[in-house]
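Just below sit the structures, each encoded as structure tokens.
Same chain, two partners: chain A is paired with chain B first, then with chain C.
This part shows the complex of A and B:
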């Protein structure tokens, strides 16, 4: 049985104060060089919520601008305004910081997030009015505490402060006096990840048009770890977020693989559905405070806005074959193995061409490749180049080497088979998966037939191995032959045509 | 004689450029003594 992509959710959360107070580039600088010019300058480079809404790549992430439309806009994009500044798009939303702080409070079930009662009163209605989030968090929002209590927790009990507009509005308490894995710092990161995951899940459920109770299994693939001193990464973000999102019929687990986590998780989910173990599986991930403002020093030095000011989140819902939605092909999967090596050529060969060889496909038989979709507006000024383009150049070069492409076709390859990056540098968030929503839409509309999602992971950052990692898979048009297929559009057309023919024949006979 | 021959070398590779192990292999063939090699990620 095939598994199909039933729906997706993509969310961003504008968190300018977390850039200043929780991003590791800034927290590290505060320790090693507290009087630095960078720390003094950075606040002047933060964007307003309105600027974040009208930023082209952000509108692309939530589905209001297509990747093709974004590609037609000359780079850089930070000095241009998108023609819309909508909070909501067909895939999700861009949530403002004040509402997200309340969502964090609603997602905390251990009374660790303490917001001032004035702050709660000022913003509670806005969050409850959100048609996606409101019903899930109603009854979970606390009234808040006094500012004296917040200040005491921050000044005397090692709580992590929460700011809005650079004003203290609350804090996250530590969950244990000694255990570093339950420190206020770790709890803040984990609750942020959980809350942004919940937001993406709620959008995905709505976009997929399913009942929450249909979700049987959830796989979280963020890059955080939750646990205590006896089990640092015990888990389980997936079930914790499913509880808040109201997926009462679901259990789940966490799958990790650095930035390759989402691609691994989707392969796991698709396999569970294909095996018939579960009919509906959701893959989800929330965002990462540590990476906020990661390349901020370069952005500030070049006079640019601090572009890494949003948390990202996504969720993908896979179900048993409905005969309509695009399928995940589990026969021809690409994988970087222990023996593959780490040169860019070896990595792309393992992830792309080996899978194509198995499938008997040529490089240009894949309409769109989605490797790492980091926004070049962020990475180019920081010296990391245009990451998607670098991937396309290597894929194209291998195509020429294989004889799939003429050398003269190489220059046009990235534009024809590639995409421009539009996702925030949130590690796992940009890794292949941002395109799944658009891929589903384009395949359903018939503008493309196949897309390849490529996830890569930097395992060496964990200092357990020097190895790189990655997996890839192909999403393709549903031919309507699924075992549990309903009636496809083509079948309906066929049935109507037959009925009309029969009717006409009966009229002629009369 | 290579400019790296006999030199001690510290390698910082880029995950989205040339990773540490790939630079390490090149440096070694040029006669370098690789004392440290890692790959960093900025995305």
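This part shows the complex of A and C:
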């Protein structure tokens, strides 16, 4: 049986204060060079929520601007305003920081997030009014505590402060006095990841048009680890987030692989559905505070806004073949193996052309490739170039080497078979998956037939291996042949009713 | 350059002597190649890592430079690098690398 993409959720959370206080570029600088010009300058480069809403790539991430429309806008994008500044789009939303801090409090079930009662009172209604989130968090929001208590926790008990508008409004407490795995710092990162994952899940459920109870299994693929000193990566973000999102019929687990995590997780999910183990599986991931403002030094030096000011989150719902939605092809999967090697040529061959060879396809038989979809507005000023474009050049060059393309066609290849990057530089978030929502839409509309999602991960960052990693898979048009075998109860009832009617009619005729 | 890699380069240079070390880069852009080359010659220009203020002056090349290409088995180069050679702006990378070597390389 095939597994199909039933729906997706894509969310951003504007967190300017977390850029200053939780991004590792900034926290490292504060230790190494506390009086640095950069730290003094950075606050002046933070964007307002309104500017974040009208930023073209953000509107693309939530589905209001298509990648084609974005590609038609001349870069850079940070000095232009999108014609809309909508908070909500067909895939999700861009949540403001104040509501997110309350969502974090609602997602904390160990009484660790302490917000001042004034702050809660000022913003509670806004969060409850959110039709996607409100019903899930109602009854989970605490009234808050006094500012004296917050200050005491921060000053005397190593709590991580939470700011809004550079004003202290709350904190995240230690979950253990000694265990660094449960420190306030780690708890903040984990609760942020969980809360942004919950937000993406709620949007995905709504967008897929399914009942929450239909979700049987959830796979989380963020890059955080939760556990304690005896099992540092014990998990399970997936189930923790499913609880808050109200997926009462689901269990789940965490799948990790650095930035390749989402592609691995989707392959796992699609296989569980294809095997008939579960009918509906969700893949989800929240965002990462550590990466906020990661390239801030370059952005500030070049007089740009601090563009890495949003957490990202996404969720994809896979179900058994409904005969309509695009399928994930599990027969022709690309994978980087232990023996592949780490040169870009070896990596791209393993991920792209090996799968195509198995499928008997040429490079240009894939309408759109979605590799690392980092927003070039962010990466180019930081000297990292245009990451998706670099990938398309490599895929095209491989096409030339294989004889699928003429060298003269190379220059046009990225535009024809590629996309512009529109995802925040949140590691796992830009890795192939941002396009799944648009791929589903474009395949359903008939504008494309096939897309390849490519996830790559830098395993060496964990210092356990020098190996690189990645997997890829093809999403293709549903030919309508694979619909679940058998007939539904309604169909059986209809058939019986018709037979009875026919029988009655024949009796009357006699 | 990654802070951990800076530390490893520094340690290797101390262990084997800077004159015996060649740093081989594979960065995708001239600017990034130049930054990495500057880090292992003049010191970390971002003032963040262990090579801040440490001028090792190491020999440093990009894998697409002709001097390096000549050292390879042509088949290995074809299998491992030729695709990237087609993609990268090799001339720009070479000129950046030459400029850094002229300024800061001690060996």
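Methods note: the second predicted complex is superposed on the first by the 483 of 510 C-alpha atoms of A that agree within 3 Å, B and C clash if a C-alpha of one lies under 4 Å from a C-alpha of the other, contacts with A are read in each partner's own complex, and residues count from 1 in each chain.
Here, a residue touches a chain if its C-beta (ideal position, glycine included) is under 8 Å from a C-beta of that chain, and two chains touch if they have at least 3 such contacts.
Note that the coordinates shown come from a computational prediction; the quantities given were computed from them, not determined experimentally.
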item	value
Chain B versus chain C as contact partner of A:28, first or second or both or neither	second
Contacts of A:444 with chain B and chain C, given as first, second, both or neither	neither
First (chain B), second (chain C), both or neither touched by A:295	first
First, second, both or neither for A:147, with chain B first and chain C second	neither
Which superposed partner A:427 touches (first chain B, second chain C, both, neither)	first
Which superposed partner A:385 touches (first chain B, second chain C, both, neither)	both
First (chain B), second (chain C), both or neither touched by A:344	both
First (chain B), second (chain C), both or neither touched by A:71	neither
Shared chain A contacts, counted only where both chain B and chain C touch the same residue	341, 343-344, 383-385, 390
Residues of chain A defined as touching chain C within the complex	28-29, 32-33, 297, 341, 343-346, 348, 383-385, 390, 393-394, 397-398, 400-401, 410, 463
Touch list for chain A against partner chain B, complex	259, 294-295, 341-344, 372, 374, 379, 382-385, 387, 390, 425, 427, 430, 458, 460-461, 466, 468
Touching residues (chain side chain C, partner chain A) in the complex	4, 26, 28-29, 31-32, 35, 46-48, 79-84, 86-87
Touching residues on chain B, where the partner in the complex is chain A	14-22, 38-43
